[in-house]
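Before anything else, here is the set of structures, which you'll find just below.
In the two complexes below, subunit A is the common chain; its partner is subunit B in one and subunit C in the other.
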Partner chain A sequence: MFAGQVVFLIIACLMLGAAVRVVTSRRIFHAALWLIGSFFCVAVIYMLLESPFMAGIQLFIYIGGIAVLTVIAIMVTKGGMHPDSHTLGNGWSAAIVSISLFIVMAWTITQLGFPNEPGMPVAEEGLALLGAALVDPGGYLVPFEVVSVMLMVVLIGSLYLGRER
Partner chain B sequence: MALAPPIAYLLAPLCLLVGSVLILMADVTLPKRESGSPLSWWLALLFVLVSGASSFVVGRDDATQVFAVLAYDPFTAYVWRLLLATLGLVVLISQAYISHNVKEAGFFYAALLLFGFGALVLTACTNTIMLILAVDFLSIVGYVLTGYLHDDKRSTEAALKYLIYGSAVSAVMAFGLSWLYGITGTADYELTARGLAGEWVWAASRTVEPLALIPMVTFVLAGFAFKIGSAPFHQWLPDAFEGAPTPVTASLAIIPKVAGFAALVRLTLVMLPETLTLGVWWRWPLVAFLSVMGMFLGNLIGIWQTNVKRLMAYSGIAQVGYALIAVAVATERSLTALLLYLTVYAIAEMGAFAAITVMSTHARSDDLADYRGLHHRAPILAAAMIISILSLFGMPGTGGFIGKLWLFTAALDAGRGWLIVIAAVNSIISVAYYWKVIQATFVHSDPEQGRIRVPNATMVAVTIAVFTVLALGVYPNVVLRWAEAAVHGFFQAG
Partner chain C sequence: MITGVPLSWYLILGAALFCVGVYGLLANRNLIIIMMSIELMLNAVVLNLVAFARFMEPARITGKAFAIIVYATAAAEAALGLALTIAIWRTEDTVTIEEIDLLQG
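So, the complex of A and B:
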C-alpha cells in the first residue's frame, strides 16, 4: 500500500505541475502540450485504481481525440502559434473562482467520508457488461441512439456553419 | 390497463426524427422549386402535425417507464403536445422569413424538427445520463439555429456566445450530477432518491451528510437555470435572442424553457422529494432564490431595452422567475398552475413573435422605433402584439391573468405569501416596458409608412395564438382539467 501511495503522490504532483503550466504558459501551443501531460497522469491514476479500461479510454479519447484536436485547431488558427496570443486577462478572477471551487470540493469530500473499501464488487467481464448495457433496451439503448443523432447534428451543423461563402 | 409496446410511446419524437432526415434527403436529392413555399417547409409542417397526431395514438392515461431512461405519463403527454403545438406555430411563422433571408432552407427545417426532438426527450427523462445528453442535444441544435444567418455577424456572434456559455454550464451540470452518481451508484432518479434517503444500492450502511451535497445540487440547478433562461445564468440570452433569426428566437423563447421546466419538475419531484433534507434545501432557498433573481433582474433591466427581441428576452427571464415560484412550492396545485402558466406563456409569446418575425422580415430591424404606427400598417399584427403583451402582463380577460391567478393562489395556499408579494411588485414594474411596446404599436403613427403584407402562414399562426390566448382567459377549464390530470400522477403514490 505504501508503494502505491508514493507512486500516487508523485503522479499527482506531476499532474498538478502540468495543470499549472497549462494556465501559465505564454504560448497556447505549449499549454495544449502540457494538457496532454496532465491527461496522461490521469490515465496513470486510473491504472493505479486497477481500472485499465478507464485508463485506455482516457488515453484514446482525451489524448488521442480531444488533445490532438486542440493541437490541430491551434495550428490552423491564424496567429495561434505566436507567443503573445495567450494573454492572462482575468488572472485574478480566474484564481478566485478556482480557489473557491477547490475549497468547496475539499469540504464536500471531507463531509462525505468515502468508504475505504471498494463498495461495489468488480465484475470479471466488466467490459462485456459495459458493452451489453449500451445496447440493452433496459440499459442505455436510448442514450446511445440519441448520441448518434447528436453526432449527426454536430457534423452537418458544423459543415453548414463553417462553409466558405 | 393494457400497455402498448414501448416504442409506441416514442412515436412523437420518432416522427420528428424521421421528418428531419427526410427533409435533409429531399433537400439534397430533389431539384429546388423556384416559386412558392419550399418542399422542406411542407414536409416540416406535415411531420409536426403527424407527430402531434401520433401523441394521441397511445392512451393519455398510461404511465410507464420506456426503455428504462424515459417516462411516458400524462405529464409527458401534456408537455409534448404543448411543445408540438409551439413547434408547429414556429414552422408556420418561419416560412416567409426563411425564404427571404436564407438560401439553404432545408437544413433549417431539419434542425428545427431536431430541436423539437431534443425537447421531447428532455421532457421525459428519468435518468441523469439521459438528462445531460438531452440538455446538450437541445443546446447544440440551438447553437446551429442561432448562428444560421451566417452572413450576419450578429448571428454568428450570438451563436458563439451561446456555445461558450452553454458548454461551460453543461460541464458544471454534468460535474454536479457525477457526484450524485458517484455517491449513490445509480443514474436513475428514483434509485438516486432512495440512495440519498439512506437505502443504498450498493453500500449497505452509510449515511451522507445531506448538506454536503448542496454545492453539487447547486451545480445541477445552474444547468437547469441556463436551459430555462433564468437569472443569474441569463447573460447569453439577450444576445442570442437579438442575433438569432427571429423564428429561432421564438423557439428559443419557448421550447427549451417549457422542456427545461418539465425536466426540472420531474427531477424535483422524483429525485429530490420533500422527504429528503436535500429536497427541502433544493426548493428553498435554491429554487426560490432563482425565482426572485429572475423576477427582479428581468423586469428591472427590461425597462431600458429599445430592441424588441432584447425586451422579449428580459420579459422571458422575468416570466421564468414567476413560473419558478411553482417549482419552489411544488405542491399538486402549484404544478397544475405551472402547466397552465407555461401553456399561456408559450401561446402568448408565439403571438408576439409572429408579429416580430413579420416586422424583422419587412423592416429588417427589431428596433422598437420601427413599430410606430403598426396599427395602421398591419392591424392584425398590432392586435396580436397587444393581446400577447397584455397576456404576458396578466391582464384580466386574457389567459395570462388566469395563469398568474392560479400560480399566486397556489403559492399562497402553500404559505409562500412573500413570494407573491415580490411577484406582484414585479408585475407592476413590468408595466414600464410592456407599456413601451403598446405605445410604439398603438399611440404613435407615421402616415408615411406603407401597409405591411402579412404572409398567409403567419396569419394562420397569429389567428390560432390570439384566439387561444383569449379563449384561455375566458374559459380555461378544459386545459386546467388536462393539467390537473397530468400532475396528479406524481402525487398519487407518495
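So, the complex of A and C:
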C-alpha cells in the first residue's frame, strides 16, 4: 500500500465525517464550521491529484468566499430562529434515498473499469495552457465571458434583493 | 509522484460526498443548511471533474476549464441564494421552509 493511499483514506474519512456533521449538526453555526473543514479536505484531495491551482482556488473561493458569506448570513438571520429542531421528520426516508443512490453510483463506478494510474505525468506548463485556453476564441472564451456576465448580473441582483427597504 | 490511488476511489469519494449533500437537502428544513448541502454537492461534482482531468485527459485542460466555470456558477448561486434567504428573513421573519408561504402554495 502506497503512502498516497493512506493519506487519501485519512483525508476521505475526515471529509465525509465533516460533511455528515454539516447536515446533521444541531447548531447551524457549527454546521458552517464543519463545512469549512470539509472544503479544506477537498483542497487536500486536489493536492493529491497534483492540481495545486485548483486547491488554491478551492481555498480562495469556497473557504474565503462562500463559507464566509454563509457565516454572515447565519449571523444576519440569527441562525434561523429554531436552533433545536431544524430537521424534518423524514430523516429516515432521506437516509434511505441517499444511501441507495450511493450504492447505485458506487456499483456503476466499480463496474466501468477506470484506470488505476494516470496515463502521463503532469505537464510543466499546464497552468499556462489553461490560462491560454480560457481566452482562446477556439477554446473556452465564450463560456468564460458568459459566466463573467452571469456573475455580474447575479451580484447586482443580490444587491437588489438584499437591500434595505 | 505516484500516489497509487486509482481513479475509481476519487469517483466513489465524490459520489459519497454528493449523497451526503442529497441527504442534507432532503432532511433539513433550514434554508441556510439547504444552501450548504447544495455547496457540498457542487464540490463533489468539481472533485469528479478534477479527477477525470488528471487521469483521462492528456492535455488536462478541459476538465479544469469546466471546473473553473462550475466554481463561478457556485459562487453566483451562493450569493443569490443567501441574498434570497436574507430577503425572506426580512419579510417573513423565518428561514424555515415549512413556514415560508409567500406564494400560498
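We adopt the following convention: the second predicted complex is superposed on the first by the 149 of 165 C-alpha atoms of A that agree within 3 Å, B and C clash if a C-alpha of one lies under 4 Å from a C-alpha of the other, contacts with A are read in each partner's own complex, and residues count from 1 in each chain.
The criterion applied here is as follows: a residue touches a chain if its C-beta (ideal position, glycine included) is under 8 Å from a C-beta of that chain, and two chains touch if they have at least 3 such contacts.
These figures come from a predicted structure and were not determined experimentally.
Among subunit B and subunit C, the chain that touches a larger number of residues in subunit A is C. When the two complexes are overlaid on their common chain A, residue A:Pro52 makes contact with neither subunit B nor subunit C.
Contact with both subunit B and subunit C is seen for A:Pro143 once the two complexes are overlaid on the shared chain.
By the touch criterion defined above, A:Ala32 reaches subunit C but does not reach subunit B.
In the superposition on chain A, contact is made by A:Leu161 with both subunit B and subunit C. In the superposed model, A:Ile99 lies in contact with subunit C only, and not with subunit B. Within subunit A, the residues touched by subunit B in the first complex and by subunit C in the second are 105, 112, 115, 119-120, 139-140, 143, 147, 150, 154, 157, 161, 165.
Subunit A meets subunit B in the complex at residues 104-105, 107-108, 111-112, 115, 119-120, 137-143, 146-147, 149-150, 153-154, 156-157, 160-161, 163, 165. Within the complex formed with subunit A, the subunit B residues making contact are 6, 17, 24, 66-70, 104, 107, 110-111, 114, 117, 121, 127, 129-130, 133-134, 136-137, 140-141, 143-144, 147-148, 150-151, 156, 159, 179, 183, 185, 202-203, 206, 208-209, 211-213, 215-216. Listing the residues of subunit C that touch subunit A in their complex gives 1-13, 15-24, 26-33, 35-37, 39-40, 43, 46-47, 50-51, 53-56, 58-61, 64-65, 67-69, 71-76, 78-80, 82-87, 89-90, 93-96, 98. Remark: subunit A residues 1-2, 4-5, 7-8, 12, 15-16, 19-20, 22-23, 28, 31-32, 35, 38-39, 42, 45-46, 48-51, 53-54, 57, 61-62, 65-66, 69-70, 72-74, 76-77, 79-82, 86-88, 90-91, 93-95, 97-99, 101-102, 105-106, 109-110, 112, 114-120, 122-123, 126, 129-130, 133-134, 139-140, 143-144, 147-148, 150-151, 154-155, 157-159, 161-162, 165 touch subunit C in the complex.
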